[in-house]
Each structure stands twice: as C-alpha cells, then as structure tokens.
Amino acid sequence: MSAFTPKTEVKIAGVTLKNPVMTASGTFGSGMEYGEFFDLSKLGAVVTKGVADKPWPGNPTPRIAETPSGMLNAIGLQNPGIDVFISRDLPYLAQYDTKVIVNVCGHSEEEYLNVVRRLAETDADMLEINISCPNVKEGGIAFGTDPKAVERITRAVKREARQPVIMKLSPNVTDIRVMARAAEAGGADAVSLINTLTGMKIDIERRTFAIANRTGGLSGPAIRPVAVRMVYEASHAVSIPVIGMGGIMSGEDAVEFLMAGARAVSVGTAHFQDPLASLRVAEGIRAFLERKQIEDVNDIVGIVS
Amino acid sequence: MRHETAAVVFQETIAENIKSLVLRVSFADEIVPGQFISLYSADKSRLLPRPISICQVNREAGTIRLVYRLAGAGTREFALLSPGDTVKVLGPLGNGFPVKDFTDKNVLLIGGGIGIPPLLQTAAELHKASFAVGYRSETYLYEDMQAIGDVYVSTEDGSLGTKGNVLDAIRENGLHPDAAFACGPKPMLRALSAWAENENIPLYISMEEHMACGIGACLACVCKTTEEDGHSHVKNARICKDGPVFLSKEVDLT
Amino acid sequence: MSAFTPKTEVKIAGVTLKNPVMTASGTFGSGMEYGEFFDLSKLGAVVTKGVADKPWPGNPTPRIAETPSGMLNAIGLQNPGIDVFISRDLPYLAQYDTKVIVNVCGHSEEEYLNVVRRLAETDADMLEINISCPNVKEGGIAFGTDPKAVERITRAVKREARQPVIMKLSPNVTDIRVMARAAEAGGADAVSLINTLTGMKIDIERRTFAIANRTGGLSGPAIRPVAVRMVYEASHAVSIPVIGMGGIMSGEDAVEFLMAGARAVSVGTAHFQDPLASLRVAEGIRAFLERKQIEDVNDIVGIVS
Amino acid sequence: MRHETAAVVFQETIAENIKSLVLRVSFADEIVPGQFISLYSADKSRLLPRPISICQVNREAGTIRLVYRLAGAGTREFALLSPGDTVKVLGPLGNGFPVKDFTDKNVLLIGGGIGIPPLLQTAAELHKASFAVGYRSETYLYEDMQAIGDVYVSTEDGSLGTKGNVLDAIRENGLHPDAAFACGPKPMLRALSAWAENENIPLYISMEEHMACGIGACLACVCKTTEEDGHSHVKNARICKDGPVFLSKEVDLT
C-alpha cells in the first residue's frame, strides 16, 4: 500500500470541516444517541434536528412509512425548543472536535428570527435554515417554494445571524435554480439540498393513509437521482457552496454528489440502516480518493459538468 | 447497544404464520427482559429495521430467541433464514420490564396476539409469575409458559380457556396480582389500564409504533404521555428509547 | 370459493375500458413485442409509445441507467413518425379487443397538431398528449411546467381532435393541482400522471454522466409515493377523470392509486421486470376486489380522502 | 421467448472474477448461438435485467451455460447462486450469429474481454471454426475452445500468445478466413471492421448496450446503423431485437 493520504478538508463560508461529511438534520437528533456508537469528532459536522423558539409536539403517529428504497416521514418537527437545546444539546456537542450546524425551523419569519437571535449568543458554527419542511406552511404555501419568500427570509435571517447561514432548499419546485439564486440574492452563505420530496402512501387494507399526516417527505436512495440532478443544477446556478444530500448510503454515493458539484454532503436516512453510516461514508470517500490517487477532495468537486 | 451481523442458529414454525428464530448475538448477557432488537432486511429496497421483542435469552450459549408473526415482506424474508445464514441486528434496545423491582411479587404477565413473546424471558426472571394470555384461536408458546407458571387462557372463539379476551379470563379466574406487565394491542392495553387503576396495582405496558432509528434520535416512534416527556418536553415519549415499557398511568392511551 | 365476480369496467370520457389497466407510454412500444407474451385483449387499453409527425431518432446511448428501485431514461422519443405508425402499428392493435390510446409528442404546438389531425382519420380511441417529456422543450422550459402553456396547448389540441383527449402531466412542478386545473380549463377530457421525475446519475469511475443526455426521467417504484400524492392532489383539484401511474408493480399498487382517486392506471417500468406485468396488475386488482367482496372497481376510486 | 424461473444446476469460478453458471431452462432447444438471456435480480431494489450471452447449450439436458464477469451488484448477486436456487430469466433473446449460412466455411471467431462466451456454442455449430481471442492476462475458456478448433491468443502483457490485441494475433498468424464473427469491446470491433473491409470478408459483430425490456419495445438499446433501421426508420436499430449480431457494414461504429 502506498503511504498516500488525501486531503479531505473542505471550507464552507469560512468554516473548515475536517471532511465533507455531515449528518442530515432530523435523522441524527443532536448526536447523543449516535455518540454511543462512534466518535462524532470523525465527522465534518453534526447538523442537529430542527429547533424552534418553543417546544413543538410534532405530528400524530404513525409518523413514518417504508417505501421502495425509501421512506416517508412526517415527524412534524417535534423539538424541545431553543432553551432546552441551548442548555442540553449544544454543551453535549461541544465535547467533540466537530463543527456544529444548528437546523432552525419556525412557523413564521418572527419565529425563525427568535431562534437565530438566541443562537447568536452560542458558539454554534453555522445555521441551517429549514424553509423547506413540507409540513409547515405560511399562507397556504410552503415558504420554500416561492423565490420571493426565500430571498426575504434569507435576508432577514442574515441580518440577525452571527454565524454563516445555509439555506436548506425544498425539491418540490419547478426550478431549483431559481430557489438557489433567491437564497444567494438574499445573502445566504451556502445552500443545502435536497430536503424531502412530498409523497403519500395508502394502506389499502385499512383504507387509510399510511401516515397520520396524509403526506410525508420521501427520503432515501429512491430520491438520489433527483437530488443529484438538483445539486448539479444548483451548483451551476450560484457561486456559493452547495451541500448535497438525498439517499447517500456509501462513500461512492457521496462522491457522486461531490462530482455533481456539492462541496459537502449530508447523510440522513442511511443512519436507519446502519448507525455508523455517516462514519462509513467519510471513510468511503477517503478510500475512493486513495484508490484513485486524488490528492485533495476539493479536486473532484463539480468535476463532471 | 451493538449493530452486528448475527448468525442464525435455528428457525422453526410454531403455529400458523408464527416463526421462532434463534440467533447468536454478542450482547445476550446485557439483555433486560422486555427489550427488543431491530432486524434488517437483506433486500436493499427495504430500508427500515423491523423491531422484534426478545422472547428468551440463553446467556451461556449467547443466543436469543425471537418469536414473530409473518406480517409483511420483511418478516416473510426473515422466515427464509436458516442455520448458516446471517442477519444484521441492532440491540438490545429499549428499557425492558422492571423485573428487579418485582422479583418476589405476584406478577401477572398479560399478553394478547403477538404480545406474548416478551413475557417469557420476563417470567423467567421473576419468582412468582403467572400468565393471562389471549389468542384468536390457535395457541403458541403455551407449553413454554406452562413450564414457568400458571397460564390463564382466553380465546376469541372459546376453543380453549375463557371465551372472550384476557380481561374476561382474569375476571373468570378471580386474579388479583400485586402488579401486572402487559404487551398486546392498544385496545387491550386501554382496557387493562382501567382494570389496573381499579385494582390499584401498578401496570407496566409495552408499546408499539413504527420505527426508523430504534435508538431515540428520529422521533418517529412516539406515544402520548400524561406528563412532559424527558426528551422533547412535549408529552411525546420515544417508545424505542424511553420505552417500550411504560407505567400505564404515564401513557395517554386515548 | 364464492362465485363472486366483481365489475371491473371503467369509463373515461365516454370510452369504456374492460378494466382499469393500461400500459404506460414508451414502455410497451405499440404492443407488438408484448403480444408474443399475452393476449392484449385482456388489458383495458394499450397506450402507445409517443408518436410525432415525422420520425425522431432519439438521444445518443446510453439511454438508461438503473437506480435504487427505479431507472432513468432518456430515450428521446425515438419513433417512426405518424405515417409508419398509422400504416403498421394501428392495424396491428386493431386485431385486439382493447382500446387504443395514442400518445402524441412534438417540439411545437404545430407538430402536435399535425399528429392529432392525422389521428382524426383513424379509429384510435383516445389521444394522450405528452407535454411533460423532460427532454423536449419550447423556449427553454418544458411545456408541461407552465400552466398557461398547458391550457393553450390543450385548447388547441381539443379543437382538432376527433377523439377524447388525455393530457399527460409532468411531476416536475411546484403544484400539480395548478397544472391539472389548466388542462381542465383547456377542455381536456382527462389527465394522466405522473410522467417521470427529472434525475441524474454520475458514473464516478468514468467521471461522466451515466446517460448520454445527462438528465433522464426517473420511473419505477422509487417514485410511487410522489405519484400517489400527485394523483390524490389532482383528483381533488379537477372533476375530469385522473389516470394514475408511477411505479405500479402489482395489483395492490394499482389499488393504492385507485383509492387515491385514479379512475384507471398505467403500468410502465414493471414491464422490464416481467413482460406480463400489466396483465398481472389487472388480475391483481380483480383478486383484491374478490377478496374484499367489492362489487365494482368504481366503488374504491377515491375512497381514501 | 419465455419468461420463467430457471433452476441453478451448477456454478463455479473459472478465473478471477469470472463465473460459469449452468441453468435448466425450457427453451434450450430453440437457441441460436449468439443469442442471450436476461437475468433478473432477486433484490427488489434492482429492477433492470442483466443481459448475458448463452455460452453453451446442452439440448438433451435442457441446460445452458453462462459465463460472466463480476461487474457490479447484479452479477455479484448471481455469483451467490448455487444448486437448489432459482433465478428469473427471459430468453432466448436476439437474433444470434448466422451459423446456418457459414456451416462449411472457414470462420474465425474473434473475442475480446468478456466477449468470448458466445463464441463457444457458435463454434460448436460450425464445421471449420477457429478462434482469435484477446485477454488482459489470465485466460478463461481456453481449453473449451481448444477442444473445438485452433485458438490464436493475444494477451496485453504478452504472458501468452501474441503480445498485443486480437488483430496483432491475426496478423502474426497470417489468418485469412472466409468470414468472421466477433464479440468484444467497441474499439476492437471498430478495428476489426476496418480489417474485414480490407480483407473483403463478411464480419458479424455482436453489440452491447444497456437494456430495459430486452425484447425491442423500449428503444433503450439502440446502435447507429448506416441504413434506415426496419423498426423506427431512423438509423437506430435495437440491439436486443434486431441484433445483438449485425453485419459490421450495417453498423455505424463511430
């Protein structure tokens, strides 16, 4: 074996991640449960479950359903609110030598800003603003599907945020490039995509919706081709970094997103198959770089275009 | 908690559509009765784990026994496993029944439908356990229970024991235990909850919900609680992590 | 066994299908190849591969790629043109006691109308207008993603068509209800959905796109939850019949679409796993109705709502 | 053409990453050499068939032999098949080589890489076949070919036969057949096409492309042709149905 050691650091909005692998919000809690399985310091960043200004109870159950190579979820953003989050979850994550990205949700601009202001006092490294949760709406349409709303909320968040801001985009749109450009125009430091595709499953035996909320968000390998396409389109539409996700199960899958134009990737649903999934993805990227004798992971970002 | 590849030691059919599967695992000696494990499909189109209760533990042999009903594609896949095969598992998961606190008490273990399996190991770790179990018609695990304690049976069709449900059997046999541990369908748990309150005894119930992570991270598997839960503080506890066993008074079964 | 025989006839725009199962355009050619496997008279309808006014060569290869529980295709609508179609394919299908639905494609309104006019002379039973092919664009955006364009082309087609017109909708839109309503406003007799979701796959070993066209259309079970959701939404948005498709592999899958609001269903990608797939779906629906003692398949249409 | 469940009779590894699989099928006696079958994954996440050439046919036994390289997840799945297992297949597919027209001619069968397998049955149905085959380094099916006719080998590393490619071997051995049938990578076919034109002999080539239906319906698997194809009339013939074997002049190999 050669003593070849590729560089895996990537930089997003001035923040350096030791490798391009993060956890997808909502699939990893605040890391505590997975911290029992592996050393979170091995990840580029931990992205937390969405947190709101107050505790949210979430949706009724069943909240999830399996679908071919994927799953639907309508957790409904259950979370303990920013107070508990700051006093319990951030100190837990501070033990680890990894970046902490806090995913923020709200029902209204004001609720987002309440969270963003509170986080300004903390040492969270970045904020990820979830404007794409299909289960949370303002005036009937999801925030994330109207470019004007995306630009406006991005600008409002940027005004209050002390940390770099990642806008997390919804894939349930006609043209993802328009949304990415709106985020960039509003001053976003990066965009992440994709959130889940809205889907539905019917239990034909019980003649009812498989999840109580009727619709849920589709994630997992099933959506990977849509995610790769959107990451490719977004990364060609904006000059801020793109963080890619959607069905990443292995290092090879992650490399696909990097080659399509993502500067970093998030691993989500894969954790439900293997609690070590994000670690394995990080190791898989490194193994790929070694096998191909690629010196620096940044060299493959956007290489297929 | 271990995520590992378990070897299949033995599998057999013990009743119509009910399988008994013995696996070799590394964590047999850590198990608390009432805990469960997640089983993973080998077929890549099925991503989510199947939670299955631990029915019996053989700590010397390092094996566990699972008893499960063929419900859908995942359990039908597991039904094909035979010695020599392996299956990915995650466990042990959840809290389990509080056997330590009730070792010498008269505990009635109540099971309905496919809720019987976790009661076997639980009974083995109590000194004075008896069973009240409800079947639709065909019985399973009946001899295993009889080997441990008295078994009061109810069947829907009256083919064995009391005709009716477990509560009918409990009443017919005039049972007044010090405590009860139950696992089964929600309507049964609801009825038992009222009964236990009336009897003024503690009732521990094992809950079920669809699961993704199995370890408390994704918040898929919550049940409503009467008080604020310790994790999200929104009266929604995680069955996989805070449960599956709850004191019946803590859970809002409506 | 009971002697129970459920009714499986459904009516779409005055045309009666003996059962609700059709073939999804492009996966079944004009039926000839599958006619070697089973009697096409057992299907409610055969929907043909898209036909244009002139022969189209289609895209370069590779044209397809496998994805988790799905596939990408960018065939590019290769077809022999309406002349060969009328002289060869329609007479072939006329042998069978099934309805014939001709799928129509074009690069421009005029090209669509050329085909529609030619088909007016034939005994095709219905037309399905594919405005959603992600690989064919007008003025930079796909026809099918602009409600005004959908309404306009529907109206134009209706003016020339002798047969009932089904508008086939693209799922690559923010709100499918808007598109369904636009088709209805233009006079469509029915809508069918979903066409494929635009996706991409990258071959990381060869550092290139897995299909030559870069993007392709995602089909198969992977997309079923998105399809069911859109069929549900569309059937609540319009009063014309909805024909549902996307990842139907079995009778149970078809029942899911019917319960979500589809009056009929199409089977596509499933044919690549099993040439008898559409027949098996038709038999599976019947078996479900028998098992549940449901007298008429129409009784379950839209029953979950 | 049959879509059926085939029983696995035997499987072995015959070279690094190359497997030989014998299946029992109902259609053995209908096969024309050069035809292929589609193999289907049992794993539901993999929908598309894997086209594999028929290497040998045993008409009495009703079996076929496939020889395939482990390329990805599908072939890795097939590699685990053993006697007693079954696999879904569709076949026989495609046109095959025109053996009937060349039975008594000197036909050179040219194979490169994993293009060798279909040549075996083809040779068996010709009276005067010889082989020119190219390997990277390790050989496979070498003895099987020697049992039928002369074998001219080239290896990239020169470890056996001519160092170089099949054309180098053909030249080195001064071969001038009446006709040639070839299967292998596109660059090889392109070079052979020029050679055959020069030699003024008919060359039949077997083409490859990703496939979905395998029967000519979906138009996934086309290759460019020099004349209008018979189906779509757009100079794009279907490899699965109109091929996989074409006269080299008919195909635009650029």
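Every chain is named by a letter (A, B, C and D) in the order it is written, and numbering of its residues begins at 1.
We adopt the following convention: contacts are C-beta pairs under 8 Å (C-beta built on N, C-alpha and C of every residue); 3 or more make two chains touch, one makes a residue touch a chain.
Worth saying up front: this structure is predicted, and the values here are computed from it rather than measured.
Engineer: Which chains contact both chain B and chain C?
Structural biologist: Under the touch definition, chain B and chain C have A, D as mutual neighbours.
Engineer: Among A-D, C-D or B-C, where does the A-B interface recur, judging by over half of the contact pairs matching in residue number?
Structural biologist: That interface is repeated by C-D.
Engineer: Could you give the separation in Å between the centres of chain C and chain D, each centre being the mean of its C-alpha atoms?
Structural biologist: 35
Engineer: Quick one: chain A and chain C, Cα centre-to-centre, how many Å?
Structural biologist: Going by mean C-alpha positions, chain A sits 34 Å from chain C.
Engineer: Suppose each chain is reduced to the average of its Cα coordinates; what separation in Å results between chain B and chain D?
Structural biologist: 55
Engineer: Could you check chain D for residues that touch two or more other chains and list them?
Structural biologist: Residues 44-46 of chain D touch two or more partner chains.
Engineer: Residues of chain A that contact two or more other chains, please.
Structural biologist: 68-70, 220-221
Engineer: Sort the chain contact graph into one of these: line, ring, star, complete or other.
Structural biologist: complete
Engineer: Touching residues of chain B toward chain C in the complex: what are they?
Structural biologist: 44-45
Engineer: Which of the residues in chain D end up touching chain C in this complex?
Structural biologist: 1, 3, 40, 44-49, 90, 209-223, 231-236, 241
Engineer: Spell out the part of chain B that touches chain D in their complex, as residue ranges.
Structural biologist: Listed in rising order, the residues are 42-46.
Engineer: Quick one: which bits of chain C touch chain B in the complex? Just the residue numbers, please.
Structural biologist: 68-69, 221
Engineer: In the complex of these two chains, what residues of chain C are touching chain A?
Structural biologist: Within the complex, chain C contacts chain A at residues 67-70, 72, 141, 145, 172-175, 197-202, 204, 207-209, 215-216, 218, 220-226, 228-229, 232, 247, 252, 255-256, 259-260, 288, 303-304.
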